[in-house]
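My questions will all concern the structure given below.
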């Protein structure tokens, strides 16, 4: 009697539930993890000791009281900022250069009313590249890139860009796929050529979304810069890892402070920049 | 809250002795050898022994501090860090070579270089940043030779993470020069793991104290049993001896490592 | 020229594009391009890595190890996501302010929860992981919580945005037909955001797989750990094998979520 | 005759715009009233005020001699006043039956409404209403997959289930083709007569307004332009109502 | 009289649906033709075929005795045929002037089109056209911020700039209020007469079709239901055209 056309959806929900339960089971049984062991007095003691360490309680010269350290951290902060901007730039340029053939409605000719024999071929190649690039986490890209480039902000930027290239490419391609094709087709029927179509039909409609996505990825990249630094790709992250190894907790506090400053600044700037987009 | 720690400590002691080692070389080899070592120790002492692998040097030190590891194979610097955090801990055994340990500086054979002074302007890799023989002492001797590792090299120095990786990176040409633990180096040469036509040793450092077995705070009886078992081990007993290139362990004491602590303080690694 | 042509409204996007472009070009000056940026042996290494791409290690025990690690990675991601969904659901609803009527309470509740979500997602999951490991010790839960917090922050914020952005007419109609706030949530808001929040959550699941892979840095096994080990031993062919498994995992989730989305919106 | 709605000196202004300025009129129980007027005249605003979806900036609205502002319990209000505003009012993602049953939400507690999502409750109400609007076979169809005309009828079915005393309808037949439009209007009027409901509908088409309603209230620029029985509205009235200010 | 359009045995089918089945008719130069018929009859499909936006499944279309399929250079085609299809055809993000000037894209090379994005080129064309449709003051407004009726006129202005010999219009006045609708239709017809253009428009309103056009072609279920001069269409014709199959 019921005719919900949800069989696949329902099956997916059950599959996901099963997966989650199975995962918990395998972690709790397989790895002998126990939640009750987590909240012991001992853990409380070490946790509070750790946070006292971060705050520099009982320390004669916490790092955040030293001007030298502030200067160092500031330099690293600028480095990190530059790295994030560079990474966003590289990723955006690469994505823009490849995005047109990656849109389904360009490949099948329905957007521009012009079908090309290589449409699906270039679609497949570019989309495959996107998947490859975004499936590999930034950190893994960084671990590989650091073999080739000297430590510094460039390998960090490249690793971040490699990952975000695939994400931006996919997002951009979807924007083009979601475009209302009617204005573009009408332009075509009033005599616009291919490039004119892109300039007058696609770009004005897609640019706001493109810009939104670029800013959004920049925010994400900002958060991730610290992580690529862990493997030696420069910026705050690298110093963070060193301080962790040497148990210099107050240094970490200072670095975390600057990291959060960067992240919130990026959020704020991109929020303000959206005024330009609306 | 101090009471709380002791309680936690007792619990784990009566159950199992957890042992760990700094992951300073090939992880697969290390894990296999340590498993074997744990089994042997279990037989010798009648205690329940379990090996816990560590991801990096500092993770082991933290675990030691928290009492999650009772017996650990530390490097000179990590040992000092650990004993600073747990004053009752005691370094009690080391290999004979650890009394007069050395690091080697290596370079790619196509690089024209004779001594430490020539490192200026070359690309360079340390091992782990927490390593004594792969970072602390090499950096110290570089400083003595008038080279600031953070300023004078070609770019910032790299931290490869382990000694194996250091010589492999130099061999592959990824870095022109590097510094590592002499025993890992000699083992690699002996086993033909490294191609000597591609890498050469350019400098060997003076001697210093390095690796050691350190015991966490625990009751005296267990302590004695463990000490006894380790100090009486011979090269046939388990695979760790082969991996560590030794046929026995000899006694040592915390005071032997005061020099390292001084160097670490001088380099601002320990505050 | 016509003054109206110089209107800010007309050109603001072009201006923003220009500013972004300038920022990018400025950033390029921070790298000294003249000095050689690649290791002296960098090219050779790059070639070796590239060559290994075509000859991944497909021996039996590596494949078995890869399969096992894939499950570890997947299970941490799934366990993390189960918490993420719970966090995002409750925080999202409060952060959207749809359950409280306009007025004083809403003016406090909404920013309070939004701020909370903001802090949760400001810190990267690996940093959370490190904070957890350093404070509560190395444990599976450290990794799961570390994943759940920032992801809950992101998903919760998106959920709140979606709830706020849906067309008001059906909700007003429901209320006019006598529905209470909770009934409106159940009959209006949730059905209307179901498709988009599901596909976004699936996308987050895909991200969670990548994040769970890199949790090796705080001692969780899995694909990232294997990649790290193989890289340490410079076995690039093994590296690619594990990377391919990671790609396969991500791809499966991606295809699944595409199918799901297609069916939900149709 | 009994007064159903009485409004006095009602005004409504948005930030920059005065949408309605001091409107007053009374509607008796059982009357069929059409609101007409050019785009932007304030028809939608007026209906939203009556449905308490918007608060007035000034003035009073009495429903059954009771101030609307005192009818704050919207479960009770739903029994008095119902509104249908084109297909936008339906939750497109839900199956038809839930959209119709939403008319009963005012009767249900939280538990019953959650349960109903899983197993529809009070189903017979929905079935009856859908039979009356001629949509028996679409019970479990996804609402957004229905055609415009069908969705309109689903909204009508919800109103049947809710069965309020006063029915407000905002352009109930815009964007329907002529045959379907008359169909829906006929049904709306028929039900209103059968259940003795008061009906106020805004319409763009003067023709329909004259054909189906007793009384026409014309709005222009937020004021009442005329308020006459359907039979006495002339073409002159209509022409001056819709006249453009600026001819291009 | 000269033939402008001649179609023979045209069919169009979508995957599961036959939208048009073997249609034939001829339209002379300067004729004003209205396409009417119920929703889904195939009006839009037919206009899109004529504009070469869709290819026919079968049959031939001749424009000025030349097969449409041979008019492949769309710069040239744009001089022959232009289409307006409500506001959906405009790029909402661009200012009005660019949307109007798009009618000149067929004349411009790449360089001039890029330049025009920064500083509008051939501006006087746009100004002239906008004066004619009565929108002089909206030159630099963002197109999507205009009201529905104004957007309709922008589309008209683009068509003026393009000035094709044949103008196709798909429901040019749907969703406009009566006064504005007549306004736009009047303008469309006036321009067609002045420039001796051939005009084919689809309409939902039979009243307007009769009032402004010479000839009515009625479609139903993808076939021609009748094709008559406006004056000889009776109410019976219309009633049977729109009759619903299933009465509810």
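Going by the order they are written in, the chains are A, B, C, D and E; count residues from 1 in each one.
Going forward, a contact is a pair of C-beta atoms (placed from the backbone, for glycine too) under 8 Å apart; a residue touches a chain by one contact, two chains touch by 3 or more.
Quick caveat: nothing in here was measured; it's all calculated off a predicted structure.
A.B. asks: So with chain D out of the way, what's still stuck together?
C.D. replies: one piece
A.B. asks: By the touch criterion stated at the start, how many steps lie between chain A and chain C on the shortest route?
C.D. replies: 1
A.B. asks: Busiest chain-chain interface by contact pairs, anyone?
C.D. replies: Max contact pairs: A-C.
A.B. asks: Measuring centre to centre with CA averages, how many angstrom lie between chain A and chain B?
C.D. replies: Computed from C-alpha means, the inter-chain centre distance equals 36 Å.
A.B. asks: Find the geometric centre of each of chain A and chain D from their Cα atoms only, then give the gap between the two centres in Å, rounded to an integer.
C.D. replies: 48
A.B. asks: In whole angstrom, how far does the Cα centroid of chain B sit from the Cα centroid of chain D?
C.D. replies: It comes to 81 Å between the two C-alpha centres.
A.B. asks: Where in chain B do residues touch two or more of the other chains?
C.D. replies: Touching at least two other chains: 66, 123, 169, 174.
A.B. asks: Multi-chain contacts only, two chains or more: what residues does chain C have there?
C.D. replies: 39, 42, 45, 134, 137, 217
A.B. asks: If a residue has to touch 2 or more other chains to count, which residues of chain D qualify?
C.D. replies: Where chain D is concerned, no single residue meets two or more other chains.
A.B. asks: What residues on chain C touch chain D, complex-wise?
C.D. replies: 167, 169-170, 172-180, 182-183, 186-188, 191-192, 194-195
A.B. asks: Which positions of chain A touch chain C when the two form their complex?
C.D. replies: 5-6, 8-9, 12, 16, 19-20, 22-24, 26-28, 31, 33, 35, 37-38, 43, 46-47, 50-51, 79, 82, 85-86, 88-89, 92, 131-132, 134-137, 139-140, 143-144, 147-150, 152-154, 207-208, 211, 214, 223-224, 226-227, 230, 244, 256, 259-260, 263-264, 267, 273, 275-277
A.B. asks: Mind listing the chain C positions that touch chain A in their complex?
C.D. replies: For this pair, the touching residues of chain C are 12-13, 15-17, 19-20, 23-24, 26-28, 30-31, 37-39, 42-43, 45-46, 49, 71, 74-79, 81-82, 118, 121-124, 126-127, 130, 134-137, 139-141, 144, 210-211, 213-214, 217, 224, 227-228, 231, 239, 243, 246-247, 250-251, 254, 256, 259-260, 263-264, 266.
A.B. asks: In the complex formed with chain B, which residues of chain C make contact?
C.D. replies: Listed in rising order, the residues are 39-42, 44-45, 48, 133-134, 137-138, 216-219, 225, 229, 232-234.
A.B. asks: Which bits of chain D are touching chain C when the two form their complex?
C.D. replies: Of all residues in chain D, those touching chain C are 51-53, 74-75, 77-79, 81-85, 88-94, 98, 102-103, 105-108, 110, 113-114, 117, 158, 162.
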